[in-house]
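Letters are used for the chains, namely A, B, C and D, taken in the order the chains are written, and counting of residues starts over at 1 for each.
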């Protein structure tokens, strides 16, 4: 199968969907002729023009609020935030408007809206351009939260996000943009709420999100050399969450390591651990291990940043602690 | 204007509907029939009615926490409104939203809103939608003097301007944001001057004069439909009641000030004008009043008689 | 000891601290002559005047950003958000500025700043005026998060918050404002990071936050009648968190129920459960039970809202499930 | 102005310091010595220098992502800056912040900022602080044309206005927000007109003319110190480089446009003027240049020679 980059898989999804449905447009900062700060819309302006690839002023609340209003009136907007850290300047239209309008209005409208952004450390971009803030949104009913970890997933999940009639937050990892992977030429979508077993194993379950899937797979290869057979599960969508696949795996392995790039405290690893404890308590042979980023703002200097997020080594150590 | 008898009587009636409906909501609150609160629109009827009369049925509006007037003027159903305000299953939102969250997309009502300033970018969005779909629809965006200090005001007006969107920003300057007098939160005389920052027209009109509001909005709507972009219309008005039904509204302003402003009642003023100009007789007006009274009474009875939502409905209407 | 209302205890703390330290001022909407939407500053304007009780325009980002700038330059601002739901319009100055400035600047400044607001359902205020959003901030290093459950705690914790040199988020429950409780006349403060055992017990540990402490204590009384002796622990501050007291209790009881008013999914109950599983796995005799609000926006109608947040009955049922 | 020889030479030197420092940061980036990115201030030197020269040492500034110029003009230490930009332990923030997060409170520098528009309310806060403490300090708040579309701009200017705070809003209109030309994001000619929304003076000056900037800011600072409130000063300028060191800056504008604007070089222009007016000789200017070159060289060497932070430092400096 052909191999393409994560970012190109995303652009392909955008392009195919925009051809399919006239109601889709993209709105965001510097996404037009410039193609986006991370080149996530490269070439789309040339194909679809300024009416469908809309460059905005620097006004994130305005951008997301505009997308909400457009979604409420028959369009299917895709709003791009240049960095995931900028959700802080647009929380109200996401949390108090998009997530709640349908419910508050008694089901009177639908909001087919995708908010597309990136996250993650590793590029020396410091504390305001490196965060992994998606955890917050798992605590906001009415939203869906997607974290693709491969080019294949990126394309399939983005198409599903665009076709979904609910507001979807789509978080891309900056370090994945240039990673290549197999992506079929033919059309496909990936349903939400279906976890992917990225590596089958018998001894321990590693549930990992986004870029941490890559790290976990690397760790699993190392562990295999030492005779530990890890199963790596990528939930792909945090909301809806495929609890069943995770629970089933834990019932098989009896051991669970959770790896996420959000700060450990108050992030999604707690929720994932708690679910397993609630639903598979009797199958757990050891305490659940959670790995998250350190509980400090993302430091700038490479010597500090490199120990900020969970590493392959950290994952291996966590697994060994319980295997 | 004066020529169109049907229109002027309709405007009179619409204002009265809002007036009596709001009096009824206060009554309903005082009787303990309303869960939570509501923000009465009393005294500001000319704005909603003047503005919505200048719109077509399928045009859009965005509303605020003080939304009853806008909803009604845009065609909202009194029964469903009152039922919603009482948290009933038969209400606009099946009881899930309450006073601050009523919407009816089929009437172009994109929702009241509990977050001050949140409606402005949403209005930009619906206007962008109309422009993209080329369907000739205009959006009227209501918001208060207090809301004009929110960042969203600035972002929304700027975006509407650079994209020349079909939206009319209707600022209801009722002199207060909650307990805060406008002199304490804005240092300029006319909020309409803020349009200068975006390069489109801004005008100030008498918000107690329904025809003045209507004419101004009509011009702005035409401008919008022609693709010439947004207009900011400031309607100077006054909030007769406290901020919400729970607030007597007398701690931060004098009774004299309230009395003085109530004397400018947009409805009495308009009624007089109609009679003077021979567009209506006292009897006409009285008949309208009786019929509206009946309507409101029915709405309240309907709401009271309606059931509360069933517990299992709590999980419905979240995701499509 | 005298009994006073929660709201009066808060005002007393503000008053005493403002007398003690000239650098303190309060800034927010309608907090001046009007005394605040929840009367949380009543009488302070009369005493301290417009220079220290500062009414603002409706500009929450501006308010919090202003407080940050004032804190950075030698003042000790207390910023009030009229409803906790409005953190959505002020996330950036809280999360990207206040929480990170000291760290990003290499420890170059301190930000003695309190952001004071309320939370919680139960007043038919619907989806945009009833949320319990404090969980997000436990995932933001650099902030402290306080949830007082009694008048005594309210006063003592607020004084500590005001004297803290770091940004503190202080969440008051709307239904607690009028609740009375014992508050000594003499000066006291309550240290952060020290949980309070609101009721000692042997059979099960209930960790509850804010208003859920009240509900849990009621539940505990009911359970006592049936011979189940519950220990009710109020962490009081979520950041810093007193893990030790919780762990110790669980080691004693072997059973844990967590009760919080945030939405269950993605909220703080997961974190609390995970910590216990990590640190006291071998002592747990039953799966951890988590209670949170339902995963829907807060509905308006009383018939729905009354089943939204955990009730005494829910707590009793959860305890019985594992006892 | 022309009378004060010391001052004018100082301004020339300060501009040159920024210029050569920024050229060095680009060089450092190209050599792979800089982690992450930086946003060069090349071409805008006259703004930072003109503005900061009009300030006292203990006045405050808030800066932006494009902050090197502001920091240096306010007295920032070149060595610590370069070390920080390289992520070194000896840097201003011990390597924790990098180019976008340098602060030095002892010099009144309240921080560069990675969030566009976030500095404006912070500046209002420090100005409020000064007013409360009655310490006569003024805050200068730098921000870009792009930032003037953020909601925080609106909220901050309004708050500063109603409280008559001692703050000077310095808008660096360098014609672009990232790749977006100003004509695409603002529909009016002069951003300074936005002051009308708040009722205080707004003026536009030539941002390539350091004395014009200086004079305008001086007037505004005096006004601020007298308790008369804020001023908005728009400095028309041009961003010589791409948005950041990683952006060639040629995809969205023509080379001609860049060349044309570079011809207005504020430093060459000012040097010429000084020589023409007999305030400096070519030799003076060359001497300044040599000494600044030396300074920059030393800063780079210092930064290169400095160690990276130790891993255990990651937990330091979070809470007091």
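By definition in this document, a residue touches a chain if its C-beta (ideal position, glycine included) is under 8 Å from a C-beta of that chain, and two chains touch if they have at least 3 such contacts.
All values reported here derive from a predicted model rather than from experimental measurement.
Engineer: Could you run down the chains that neighbour chain B and chain C together?
Structural biologist: A, D
Engineer: Comparing C-D against A-D, which pair counts more contacting C-beta pairs?
Structural biologist: More C-beta contacts join the chains of C-D.
Engineer: As a test of understanding: of all chains, whose mean C-alpha position lies farthest from that of chain A?
Structural biologist: Centroid comparison gives B as the farthest chain from chain A.
Engineer: Based only on mean CA positions, could you tell me how far chain A sits from chain D in angstrom?
Structural biologist: So the centroids are 36 Å from each other.
Engineer: Between chain A and chain B, what is the gap in Å from one C-alpha centre to the other?
Structural biologist: About 40 Å, centre to centre.
Engineer: Quick one: chain B and chain D, Cα centre-to-centre, how many Å?
Structural biologist: Distance between chain centres, rounded to whole Å: 45 Å.
Engineer: At least two other chains touched by the same residue of chain A: list those residues.
Structural biologist: 56-57, 59, 61-62, 85, 88-89, 92, 96, 103-104, 126-128, 141-142, 294, 296-297, 299-300
Engineer: I need the residues of chain B touching at least two other chains; which ones are they?
Structural biologist: 93, 95-97, 101, 113-115, 149-152, 154-155, 158, 162, 184-186, 318
Engineer: Name the shape of the chain contact graph, picking from line, ring, star, complete and other.
Structural biologist: complete
Engineer: Please output the residues of chain B touching chain A within their complex, sorted ascending.
Structural biologist: Answer in residue numbers: 60, 62, 91-97, 101-105, 110-111, 113-115, 118, 120-130, 132-133, 139, 151-152, 154-156, 158-159, 162-163, 316-320.
Engineer: Quick one: which bits of chain C touch chain D in the complex? Just the residue numbers, please.
Structural biologist: Residues 25, 51-52, 54, 56-57, 59, 61-75, 77, 92-93, 96-97, 101-110, 141-142, 144, 164-166.
Engineer: Which of the residues in chain B come into contact with chain D in the complex?
Structural biologist: Result: residues 149-155, 158, 161-162, 184-188, 193-194, 196-200 of chain B touch chain D.
Engineer: Show me the residue ranges of chain D that touch chain A in the complex, using the header's touch definition.
Structural biologist: 35-37, 87-89, 93, 95-98, 100-101, 113-117, 146-147, 149-151, 177-180, 184-186, 251-252, 308-311, 313-315, 318
Engineer: Mind pulling up the chain C residues that touch chain A in the complex?
Structural biologist: Against chain A, chain C makes touches at 61, 85, 87-89, 91-92, 94-96, 99-100, 103-104, 126-128, 133, 135-142, 239, 262-263, 265-275, 277-279, 281, 284, 286-290, 294-297, 299-300.
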